[in-house]
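Multiple structures are listed underneath, in structure tokens.
Each of the two complexes below includes chain A, the first together with chain B, the second together with chain C.
After this line comes the complex of A and B, so read on.
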């Protein structure tokens, strides 16, 4: 590239770079500095070193673990179910359009509404799930889906329901790009349908799987609405993920310093996950 | 021609300026204040709009603008509104948020503006409840006092072999009734609200601690006062009560429990007057006679002292420049007629004896609430001396949830709760 061309390119990209720097850079620097500043009592407005991290350190391992379980417990089943549904809908059958449309409905519902709906579904007194289980004689007593032991699993189910259509959409469109000749050739060579799936379908879906996995992981990691609306992060700390901790410190404890400390931890964990993903992708491509 | 035109234009300009000056001089005489009573807009409008109309007619120099917002919306936005100095001039506030870091510096001392007669009409027990000790002056006028009483389902009492006309009056009787209901009917003895983030579990557990200790939960320095033998006695009593509460209490807020006591799924409930509308909806205004649910004074603890939890909401003014007009309006809102309309619209108990003469308050259950505000020692919301009152609820809730779910015993709960409260205070030191 000629020098002049390169300069023009840089100048043309400069406004966008500055805008991005302001939007992301400013907030990142702000969070970074706030995590080491005091916001309450006599330390307000002062540099406090690692004091904010000391205040939250006993909760860090549990919170990070719960966030990871929440994230991958939601994303992996959502992707597997999305793929299964995409494969089913890729075939021709009566009512296919209706099935495709129905699969997309959860994706069109705002997260906080999803949370309210699922809270009603799980309600021990009049929730449809408990009423159904009791009416059919499968259980005698209501199941406390949002009780301490089951709360995390229950919110994960709600998240799977909401995330699955995104995986489905991506896989469904990607399946249409795989040439049918590949399957025809495989059939002529005597390949079984499972062999076709593992040797033709999956390899061709690798790039869409990677991008969907990455996007869903980041989204799910930072999801706040579903947990807030269903359990408020409880009971006790059963569903207290990193976003819930940030909210609790910011609005419950009114401490911007510890809220920023939790935000930095969330950023670090997300960066680590992303690096692992990219390394895996690089290895596969190599 | 040009000269004439210029002259005409100059005259128009001069006239316009004169009119503008007159307008602003007129406007300067007029004081505009805004008022916010968070909550359901229809309910607020039903008493506030006529009140504002009557106030403006009596005070033509004051213009009142009503601001509407839900409680949830207001809780989320008030810190930023105070930061931006866009908060309303007069606000219906919480008694434990007078030291709230967002609002504290904006609160106006209303003492020079309010009449002694109005101040004296509010019971001393209520003033004691909201007194922060270190705020010299009158920054908050309590307007609604909501005490805890005992709701009990008479039909379920009967089924359990209990006398429906003799609700429990002591802790021992409360425990015995809860046990009898659970064992004889299979229903829940006592409903306990323990849902996350609603402050309800702290208020439930805190009420028993208050009864046992005859002291607030936190002292003036926001240090815990409950790590005593009496505090432990309260928690040990609750530990005995837990087997008779509904399963998975952390899934229930107050709103979820009200239909259950109405429908006979729960035997007893410790609640404020907010549950009354549910009962009126089922059986009409005289529901204690026509329906299944009765209301009684809160059972007393082993010390025999009449103590209950009470929460107040009241009026604050937030701007010195409109303080006089704000105080005038607050005094008007505290007049018997307006206050009565406010309480009826919202289902709050009567604060003044005169309110009891209104047909809406002619039922015995309102007298129960009123008597408690007059005769009981009242202990209320916590954190009133702290810049972060909500933090105490957040910190204590986790401990009480572990306690109600049986993960920790009374001794551990007491120690952990004290540590949690001290940790919040230490953050603000």
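After this line comes the complex of A and C, so read on.
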């Protein structure tokens, strides 16, 4: 039996393991080595120590700051909006199904089309947002939403739009797991709606909040398509988050060394968040 | 349940309208542009002034091939991922063995790794091996990126199946392959469906992987084609808008139709945000 089980384990897990090793294994190891190798000029193919990191050092503070603003500037509003909508949709009302369906649409759309659609919203000539602002007399001249000082905010709005449904779905199903007896008991004891919200609803949503926050943070921090399609990282450096840096070093500078140095920074962050997330799930299951 | 006060009802309607307007705004903006003739493109329109359906016909002519490619890649990746993930998820759900946790952790790690982090070095490796622009490799990479997701969803599903099914089948003389294909698969429809929908839509929506791995424009999936329209020197806005609308129909239709499964999949904790 033991031998049989081992054979089953191997034939079940081996195909998957080989594929993942082929795609991830080599690449990840290679990121670790390439980050310390030269790829340009005379240093090509040689170990260069921390030189790649020295090359990118001047860009690190800026990139880290833009990445943090981009990530939390979109994750936190998206979660608050998702929670608000979930609380509304927790009760039945006429048209609820339509509201839910419409608010899931952003989640289904390819990110690069998200970028293209938001460019139609923001366009200074025919963008519907500028048309609206001008026709209602709120502004006289079109706002260049993707200009230097507004670009980051504008791409963040697009990301909020995309991330909100995810937070909504998580909160929406978490709310259904709170036993209704808790609310009934609170009502009998004379608790107001706001009291039951703060003392029953919110505490029961703590674990879903943490896991949604972690997952959204990882994925927002690594989003490439939206920024790439809307601004390409520009104007100048205004929206150059870490993934945009990796791409730019790889194909703009043709330097796999500095690209890998950026990737390595990203991987460290990803691994740390994964470990936190893993421990969280482990605790929940136990 | 307590009665809802009229004030709250008004508040709810207002909030719902705001949410729905926000959710539909970019699609609406694209629809207006998609219905406008190119000559009138710079006209300010708050609602569509034109009804140029010909734009859609023209768009479909230029992206038809790419829509087909996207569907083809998505179907293949769904099939490959499911075939690899079913046995893996089954043993992870039903067997207790040393290294089980390590396998799960490695899976979660691959799930958290975004494409942009590993693709530069993957690109270099495939370039050395002469495997860039190869559609079989492309499908395998798509599958690898979805493997953890499907395995986690299926594992959760298999854990709900009654224990001892496989022992009973083994006593009846079934071998392992029979157990998987004749006993487990027929009763796992919902679990497999949830995973399959996600792989299909993820692959259809994927942009970064083909951006790195494909060079030949005739193999481009729709997402890459839309990007190449977006980066043209003179953007044909009307065609791009019409193409975007056509492009979002399949995944939106799937998600709307299978809404219940989607919410289930998302909350299984396996899905990216």
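In this section, the second predicted complex is superposed on the first by the 243 of 286 C-alpha atoms of A that agree within 3 Å, B and C clash if a C-alpha of one lies under 4 Å from a C-alpha of the other, contacts with A are read in each partner's own complex, and residues count from 1 in each chain.
The rule we apply is simple: a contact is a pair of C-beta atoms (placed from the backbone, for glycine too) under 8 Å apart; a residue touches a chain by one contact, two chains touch by 3 or more.
Model, not experiment: these values are computed from the prediction.
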Ask   = If you stack the two complexes on chain A, which partner ends up touching A:179: first (chain B), second (chain C), both, or neither?
value = neither
Query = Of the two partner chains, chain B (first) and chain C (second), which one does A:146 touch, if any: first, second, both, or neither?
reply = first
Ask   = First (chain B), second (chain C), both or neither: which does A:42 touch?
value = first
Request  = Compare chain B and chain C by how many residues of chain A each one touches, and report the one with more.
outcome  = C
Ask   = Which holds for A:101: it touches chain B only (first), chain C only (second), both, or neither?
value = second
Request  = Considering only the touch criterion stated at the top, classify A:203 as touching first (chain B), second (chain C), both, or neither.
outcome  = neither
Request  = Classify the contacts of A:124 with the two partner chains as first (chain B alone), second (chain C alone), both, or neither.
outcome  = first
Request  = Considering only touches as defined above, state whether A:248 meets chain B (first), chain C (second), both or neither.
outcome  = first
Request  = Once the structures are superposed on A, label A:235 by its partner contacts, choosing first (chain B), second (chain C), both or neither.
outcome  = first
Request  = Could you give the residue numbers on chain A that contact chain B in one complex and chain C in the other?
outcome  = 125
Message = With touch defined as at the start, can you tell me which chain A residues reach chain B in the complex?
response = 40-42, 55, 123-125, 141-142, 144, 146-148, 231-237, 248, 251-255
Request  = Flag every residue of chain B that touches chain A in the complex, lowest number first.
outcome  = 76, 79, 101, 194-197, 247-248, 250-251, 256, 260, 265, 387-388, 390-391, 393-395, 397-398, 401-402, 405, 407, 424, 427-429
Task = Going by the contact rule at the top, pick out the chain A residues touching chain C in the complex.
result = 5, 8-9, 11-13, 15-17, 19-20, 22-24, 26-28, 30-31, 34, 81, 84-85, 88, 91, 93, 95, 99-121, 125-132, 134-135, 158, 161, 163-167, 169-170, 172-174, 180, 187, 193, 211-212, 215-216, 218-220, 222-225, 228-229, 243, 246-247, 250, 256, 259-260, 263, 266-267, 270-271, 273-274, 277-278, 281
Sites on chain C touched by chain A in the complex = 1-2, 4, 9, 12, 15-16, 19-20, 22-30, 32-33, 36, 41-46, 83-85, 87-88, 90-91, 95, 97, 103, 105-110, 112-125, 140-141, 143-145, 147, 151, 176, 201, 204-208, 222-223, 226-227, 230, 237, 240-241, 244, 247-248, 251-252, 254-256, 259, 262-264, 266-267, 269, 271-273
